[in-house]
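Just below is one structure, and these are the notes that go with it.
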Amino acid sequence: MIQDKDRKREVIVKRVANELKDGNLVNLGIGLPTQVVNYIPEGVDVLLHSENGFVGLGPTPKPGEEDKDIVNAGSQPASHVTGAAYFDSAMSFAIIRGGHLDVTVLGALQVDQKGNLANWMIPGKMVPGMGGAMDLVVGAKRVIVAMEHTAKGEAKILKQCNLPLTAAGEVDMIVTDMGVIQVTPEGLVLTEIAPETTVEEVISMTEAELIISKDLKVMDV
Amino acid sequence: MIQDKDRKREVIVKRVANELKDGNLVNLGIGLPTQVVNYIPEGVDVLLHSENGFVGLGPTPKPGEEDKDIVNAGSQPASHVTGAAYFDSAMSFAIIRGGHLDVTVLGALQVDQKGNLANWMIPGKMVPGMGGAMDLVVGAKRVIVAMEHTAKGEAKILKQCNLPLTAAGEVDMIVTDMGVIQVTPEGLVLTEIAPETTVEEVISMTEAELIISKDLKVMDV
Amino acid sequence: MNKIKTLDQALDNIKDGMTIAVGGFLGVGTPEKLIDAVIAKGVKNITLVCNDTAFPDKGIGKWVVNKNVSKVIISHIGTNPETGRQMNAGELEVELVPQGTLAERVRAAGAGLGGILTPTGIGTIVEQGKQKMTIDGKDYLLELPLKADIALIKGSIVDKKGNVYYNKATRNFNTLMATAADLVIIEAEKLVEVGEIDPTDVMTPSIFVDIIVE
Amino acid sequence: MNKIKTLDQALDNIKDGMTIAVGGFLGVGTPEKLIDAVIAKGVKNITLVCNDTAFPDKGIGKWVVNKNVSKVIISHIGTNPETGRQMNAGELEVELVPQGTLAERVRAAGAGLGGILTPTGIGTIVEQGKQKMTIDGKDYLLELPLKADIALIKGSIVDKKGNVYYNKATRNFNTLMATAADLVIIEAEKLVEVGEIDPTDVMTPSIFVDIIVE
């Protein structure tokens, strides 16, 4: 089991990056998922969607080169790539809800065996609002949850989410620092395992039942 | 009763033009209503809406000065005024349906006592389709029907329309070559009469019951 | 990903029996080359989604004349006498849709909405077969999304990635049709390098465009 | 019709208890001068329709801090701790709406639709109190139009007639809010003569704008 915090995060974002295909339109959630952009394989041309109203999100500008009219959906200074396009919020979510987004990558508070996702509130404690998350999870063709396997040692992959859901049954794949889990009609299938990690460790850190794939591979990270 | 065809049409469009107020956004239907633009009083600044996607419809260009990318909703060469704005069909009808259009002026096959309008088909005979007419009549703040009082001597202002309706109860005012009729909860009220025309003539050419206004005036045309 | 194809390559995607959405308003903003190519290929039994059937010799009206179309979902057919003739003769199925409703139905399909409520058509034959709902005391019709297999659109300026700018009144239904089809083929009036259209001025983002022909 | 007014003249229209829709996304594309003027006037009990409550010292977040607002209809409050604090203390009513649903509800109000059907929120607490409908085997929520008394928006370039151009990511909700309010006040970053914005490039037509402040 990987112990180093930075290495954990690297494993997650690197593995998610390998899921992206040439020509994909992708939305990367705030926080960890944002870093996926740094690991996209060469030759894979991905267009990034930003909820606040454009496709073609570019790298963070150098200090002093910020444009006040370009920020990402987390309000950090951003840029656009050549061939980008800006639009209003109705179009931004028409793209999301209309199934035009190939992949959305989000963090999670909890995910469960049915592909349910909870990532927008802890009642009485933290209520940031769902922002665009509910639309993203319902609308994108593929929903990838990218998160650390546990939170303060507690399992986040559960038999059943007990926090308010972001969406029901929409998650396709979970990538953590311990492995890769596919959400299938039969349940959660562990298809890849992280380096330095045993199947027993994954099972012990997961509340949900895990089916271990016969073709279990080590994550290429 | 006016006999001359050209004078009849002039009376109608001149009177309708006097209904338009400074700052109004107006849609003028194909045919007779289009000519209203030539009689708008000086000092009254009206913006014309064109269903095919702009506000700020301008005059017909001179031969040789046509722009293939500017036509009116009847596909005739058109122009735009300074300060015009182009948009797509969704926005064009958001403007119409959303109540942002002050006045729509349309022709009619039939109008009745309840303000019902039929102007888009004669079953088995003429079925051009409703185009934008149903949206215009439902969405505009004021619906003015501009038409000759009769068709081949037959009444067009009826107790009840027998052709398929364009919309139910949406007409506010009818302007013809014989007078001006307001659609009220009490019924049709003749408020103005055309020059050279008697009330008896109007009544005889109208199938619907007419309430004659106590303040009946002669049309200022 | 090279989206630029020849007319022939683009036409390979168009088969008999497809539902095809076409941009344009009475022939303005219509991809005439694509229309002619479909006629040349002899595609049959198309269900056409379009604002109108334009004119017998201009725009999509040529498909009606050449019998490429078995059904039209449309707001206006009055400028093309051949459409009315075929309808009356039972040769062509015509579903008339109010223009604003057509725009919203296509938009709903592209935007992932299950439908929209419009007051347009209440009290008319447009009501037939539709669910009526009362919201805040006002009646509305539930109108359902309208999707196509292919959209054929026309752009005034198109970059090689597929970003589109429509000049003046040529935009009309092109932007909507591009969102609501499985495959979108655009005819570029002027093809430019990527980056030549300012990202703020793009009207249809490249993500909606699959194939570009000149 | 001169739409250009002073801040004071514009503020005359804004009263306690109104529903006010404000453009901007986390403070970008937000009319900061209008926001500050509302604070200076001390307007109370505003129902705010906006994407988010931005930050305590930037954008619409300042209204929360200054207690101008009694209710917010909003998709995100996480960047402004004061919003959460007031909510938990029972001082502020917060109605959370998914961002895409918020956009469609405002659009529906502006476009005269009685509502729209969205799959977003199905299976979540967003369902509560809403009508569910099944179309083609898929579940949708009926979401209703969201209208405002006043919209406060920000344009990058505004002509003296009220045509608006939004630079880059400043467009966001500004275009939608402008369609869904009885009175629309725009703060112009740059005010230009009528005709200086190409009619094809206008993003909010002048017909939606009532008052322009610089």
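Details
Chains here go by letter, A, B, C and D, matching the order in which they are written, and residues are numbered from 1 within each.
Rule of thumb we're sticking to: contacts are C-beta pairs under 8 Å (C-beta built on N, C-alpha and C of every residue); 3 or more make two chains touch, one makes a residue touch a chain.
Just so it is clear, the model here is predicted, and its values are computed rather than measured.
The chains in contact with subunit B and with subunit D alike are C. A centroid comparison over C-alpha atoms places B as the chain most distant from subunit A. The interface with the greater number of C-beta contacts, when A-D is set against A-C, is A-D. Centres computed as Cα averages put subunit B at a distance of 29 Å from subunit C.
If each chain is reduced to the centroid of its CA atoms, subunit A and subunit C end up 35 Å from each other. If each chain is reduced to the centroid of its CA atoms, subunit A and subunit B end up 56 Å from each other. Annotation for subunit B: residues 54, 80, 86-87, 90, 93, 96-97, 139 touch two or more other chains.
Each of residues 104, 107, 111-113, 118-119, 166-168, 199-200 in subunit D touches at least two other chains. If you draw each protein chain as a dot and join the dots that touch, the picture is not a line, a loop, a star, or fully joined; it has some other shape.
If you check each pair of chains against the touch rule, the ones that pass are A-C, A-D, B-C, B-D, C-D. The residues of subunit B lying in touch with subunit D in their complex are 22-23, 25, 45, 47, 54-56, 80, 82-87, 90-91, 93-100, 139. Contact residues of subunit C toward subunit B in the complex are 25-29, 51-52, 74-79, 84, 87-88, 94, 96, 98-104, 107, 118-126, 156, 167-176, 203.
Only residues 104, 108, 111-119, 133, 135-136, 138, 140, 142, 144, 165-168, 199-201 of subunit C touch subunit D when the two sit together in their complex. Looking at the complex, you find that subunit C touches subunit A at residues 1, 107, 109-113, 159, 161, 163, 179, 194-195, 199-200, 202, 205-208.
Contact residues of subunit B toward subunit C in the complex are 50-54, 67-71, 73-75, 78, 80, 86-90, 92-93, 96-97, 116, 124, 126-135, 138-139, 164-169.
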